[in-house]
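Before any comments, here is the structure.
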Amino acid sequence: MDALTSQHTTPIRANTPWRLAVLAQAVGAILKGNPDTTITGAAPLDQASAGDIAFLSNPKYAVYLRDTRASAVIVTAATHLAWDNPRGIACLIADNPYAMYARVAGCLYREPLPSPGIHPTAVVAASAQIAQDAVIGAHVVIGERAIIGERAVIHPQSVIGDDVLIGADACIYPRVVIYPRCVIGERTILHSGAVIGADGFGFAFDQGQWIKIPQIGRVVIGNDVEIGANTTIDRGALGDTLINNDVKIDNLVQLGHNCTVGEHTAIVGCAGIAGSVAIGKNCRIGGAAMIGGHLSIADGTTVAAATPVFSSIEKPDVYTGVYPIQQHQHWQKNAVHLKKLDTLYKRVRALEQSLSDVQSKAQCLNGQKTKGE
Amino acid sequence: MDALTSQHTTPIRANTPWRLAVLAQAVGAILKGNPDTTITGAAPLDQASAGDIAFLSNPKYAVYLRDTRASAVIVTAATHLAWDNPRGIACLIADNPYAMYARVAGCLYREPLPSPGIHPTAVVAASAQIAQDAVIGAHVVIGERAIIGERAVIHPQSVIGDDVLIGADACIYPRVVIYPRCVIGERTILHSGAVIGADGFGFAFDQGQWIKIPQIGRVVIGNDVEIGANTTIDRGALGDTLINNDVKIDNLVQLGHNCTVGEHTAIVGCAGIAGSVAIGKNCRIGGAAMIGGHLSIADGTTVAAATPVFSSIEKPDVYTGVYPIQQHQHWQKNAVHLKKLDTLYKRVRALEQSLSDVQSKAQCLNGQKTKGE
Amino acid sequence: MDALTSQHTTPIRANTPWRLAVLAQAVGAILKGNPDTTITGAAPLDQASAGDIAFLSNPKYAVYLRDTRASAVIVTAATHLAWDNPRGIACLIADNPYAMYARVAGCLYREPLPSPGIHPTAVVAASAQIAQDAVIGAHVVIGERAIIGERAVIHPQSVIGDDVLIGADACIYPRVVIYPRCVIGERTILHSGAVIGADGFGFAFDQGQWIKIPQIGRVVIGNDVEIGANTTIDRGALGDTLINNDVKIDNLVQLGHNCTVGEHTAIVGCAGIAGSVAIGKNCRIGGAAMIGGHLSIADGTTVAAATPVFSSIEKPDVYTGVYPIQQHQHWQKNAVHLKKLDTLYKRVRALEQSLSDVQSKAQCLNGQKTKGE
């Protein structure tokens, strides 16, 4: 397979050409240079060709500015000032060129939308309300009284339960399941395989067996949220599980029942959040991190990747708890001592005491000696 | 989205009103108070209204007893004795009020069942046997010779392989896949996205490439088991993977080929169990715990969350292996030393030796001195 | 459920009987014994019956050689020499009997293939090209311009996006999703629930909110790859995510955008690989291991299970970073000290200094004393 022999870059091709002045206004950037420059795509500085817009965020790539064939570049004001720019390449000025690139790319590139309408193989309950310009894909199943908002796209094979509410412009990728009564906000994206609203893990152990606690709350997801592939978010037991606006959750994340996640928080792949956890706003939960049940995490906290959290965090900071990696034979030696760290600690304490005794005696002896002299 | 502004509680609404005496008998609780009390739902103590039954399990919520508007409360005998109960609220007496609440809620609340029958879009092999009162949802695919038991519900989009056996009253949520020849017990629940019976990870490395070992065993799941969303349980290589009765497995758990899990064991979300692991009865495997291949875990063992297990556990106890969390800059300092713990250990041992030498000499010197005096 | 009372072994039954000489030639083994032996299946040494071929890999099972009823056994040359073999059981000689068993079992056992053709409930775009002998299962959805190779099997409910390319003899199990433009190599196997090509987790944080970075690269998967159930592999942002030939990935693994995985590398279940990671050839990434973003891992590296990796690995070796498991009360004591390991280190350093001072003084004192004598 030739495709595997080299890393292939796909430049962004704009659906229609943009006049740079219009693009600058759309994204809120200051334009320096020819406002009539035509932009037809976006690509990295070193791979851009005529018509492309590129960006410079990391100073170590500044070397590419000289030879880039891009028609426009997104740079900071400082870079713009320092650059002699002999060929007069147009610039968009931004404090954060990477974020500005994201805005620009979002303007240029739109996933092609399927045509509105309900695919003939979809099974839609008679009592469901589907906005006229929504898209319901092949083999989708939509339950009783579900409401699908304007321009929402439900891709093939997804299952939308009874009484589910899906906001305008939401995008539900193929093979998502949303259990009954859950709510999905506007412009929210759910990737394939996500399961929203399965029962929380709630059982009471009694007389030698498990008794299931009915899980009858909902999952309520706000606007502009993105949920990754095969991520699972459980419904609340009695209350709801709440994912606030602009939360971003990666693939294969587990969120237990009755959790709340504050606005703008990001949770990276493979993280596991137990039940009834309250994660604040603007947190960053690293990949494969784990948060135990009934804890709360202060606004603005960062939990490093692979870090398990077993007590609430009240002071925002960066928290880490990761065993450092080593060559196996070194790890083996250290791990043996780690299992006896308490003993080592006591040996150090005993040493300190003994040494102190020796010093006292030596002092005393020395004193005697001095006296004796 | 207003729903996000406050935590919303969904009280349990009974499908039909219950006379308290009948409910008490159904769940095996002692009734104190008016047997004719009508129960129409369940809610937390502080949110209950007339007709609701509430429970008091955690003593810190006892303060809510005074003002609750519940018509009945589940309490321990001790709480019942200590409570003056001026309004004469009816009580159900139980040793474990939370478990009793689970039983009560399970009586009051039943998921509405779809009507029996096979949806016209389902694709059912001619040789499959579907019980007359089973429910086969939209777009379900059922393979040759599969047997679906009485009152079993196969929700939309699930794929049931050839020769699969599904017991009576089982509930297969949307979009589950069961590979050929697997067995699902009675009353067992599989949540959306679960994959039962995919090939185990079995390869032999030979002459520079992987040779696949055919995986032809089954997954056999007992009665009253619950399997979470997007959990994967691999089929055995030659033998079977066995999940015994009343095992509860949370979301996003991986169970490798040829594992056995004993009765009443619970495995919390994101746990990973490698191949050929034998987990005993009544174990608790914490979230994101990991168990290496070919190990056995004694009955009654608890493995803490996020704990990796690399050797068999023969003595039931609580086992933990988790790096404690810290602010990142403290972690950095400690982690450096952890990587050299063996060196630190040797320095302590050397100190002990040196100090011992010093003490001997001091003793000796002191002796000389004393002699000299 | 009787099936649960004992471990059930499923012997491999050959689709047709094999003459041993033909089988030996097919797998490249040396045959010792009767070339006309008929082989009709494979089973473990102690459970084999007439017609079965067994293997001896682990010397501790050599005891089973004496009484086995197998018609042929795969052994090393050394075992063959040492075995008196009174009943003259035919032998296949191999350096690695387990790998040879894998080859033999792969010859004997073939999953029964569904009949070629497109199921009437499948929804196939008019512009898609389906090889005439491919199998397209019930309710499959295939997008515009997708190409499905010869003898490829797309099991029920899978969703194949626009412009996807699937190689000859690929096997896509039920309910896989492949996003648009991704490439799947020949003989590659994707298990149920796998999601190939969802958007990478790419956002820029700007002015208090997340801006999505368009993810327009592809996932390109080579030949002879196997991907486990519910595993997720994200598409590249601009470049591609590349999985090279003969890579084996287990269940519930997350691979971020723009990763590359070299040939013959195996990644065990629950591992999480962040974005832009370059994993070399012939690596072994253990279960629940985690690799941080933008790192590279040298060819031939082994990362132990549950080990988090936060810096690139340049020298191939076995690397481990796992907190050793202990009974909880011992762990508690040790963990307290671990959080203060830097302090303990400093106390040891101070002790060394103090002891050195004491020794100097003692030396000095001793000198004085000696002088004074």
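The chains carry the letters A, B and C, assigned in the order they are written, with residues numbered from 1 in each.
Here is the rule we go by: a residue touches a chain if its C-beta (ideal position, glycine included) is under 8 Å from a C-beta of that chain, and two chains touch if they have at least 3 such contacts.
All of these numbers come straight from a predicted model, not from anything done at the bench.
> Through what angle, to the nearest 5 degrees, does subunit A rotate to match subunit C on its C-alpha atoms?
Angle of the fitting rotation, subunit A to subunit C: 120 degrees.
> Look at both sides of the subunit B and subunit C contact and report whether the same residue positions are involved, with over half shared, or different ones.
At the contact between subunit B and subunit C, which are copies of one sequence, the residues are largely different (under half shared).
> How many angstrom lie between the centres of subunit B and subunit C, each centre taken as the mean Cα position?
26
> So the centre of each chain is just the mean of its C-alpha atoms; given that, what is the distance between subunit A and subunit C in Å?
Centre-to-centre distance between subunit A and subunit C: 26 Å.
> Mind pulling the subunit B residues that touch 2 or more other chains?
Counting only residues that touch two or more other chains, subunit B contributes 121, 139, 157, 175, 193, 230, 252, 270, 288, 322-324, 326, 336, 338, 341, 344, 348, 351, 355, 358, 362, 365, 369.
> Under the stated contact criterion, what part of subunit A meets subunit B in this complex?
121, 123, 139, 141, 157, 159, 167, 175, 177, 179, 183, 185-186, 193, 195, 198-199, 201, 203-214, 216-218, 220, 222-223, 230, 232, 234, 236, 238-240, 242, 244-245, 252, 254, 256, 260, 270, 272, 274, 288, 290, 292, 303-304, 307-311, 317-324, 326, 330, 333-334, 336-338, 341, 344, 347-348, 351, 354-355, 358, 361-362, 365, 368-369
> Residue numbers of subunit B touching subunit A in their complex, please.
Where subunit B meets subunit A, its residues are 1, 3-4, 7-12, 43-44, 96, 98-103, 105-106, 109, 119, 121, 137-139, 155-157, 173-175, 189, 191-193, 224, 226, 228-230, 246, 248, 250-252, 264, 266, 268-270, 287-288, 305-306, 322-328, 331-332, 335-336, 338-342, 344-345, 348, 351-352, 355, 358-359, 362, 365-366, 369.
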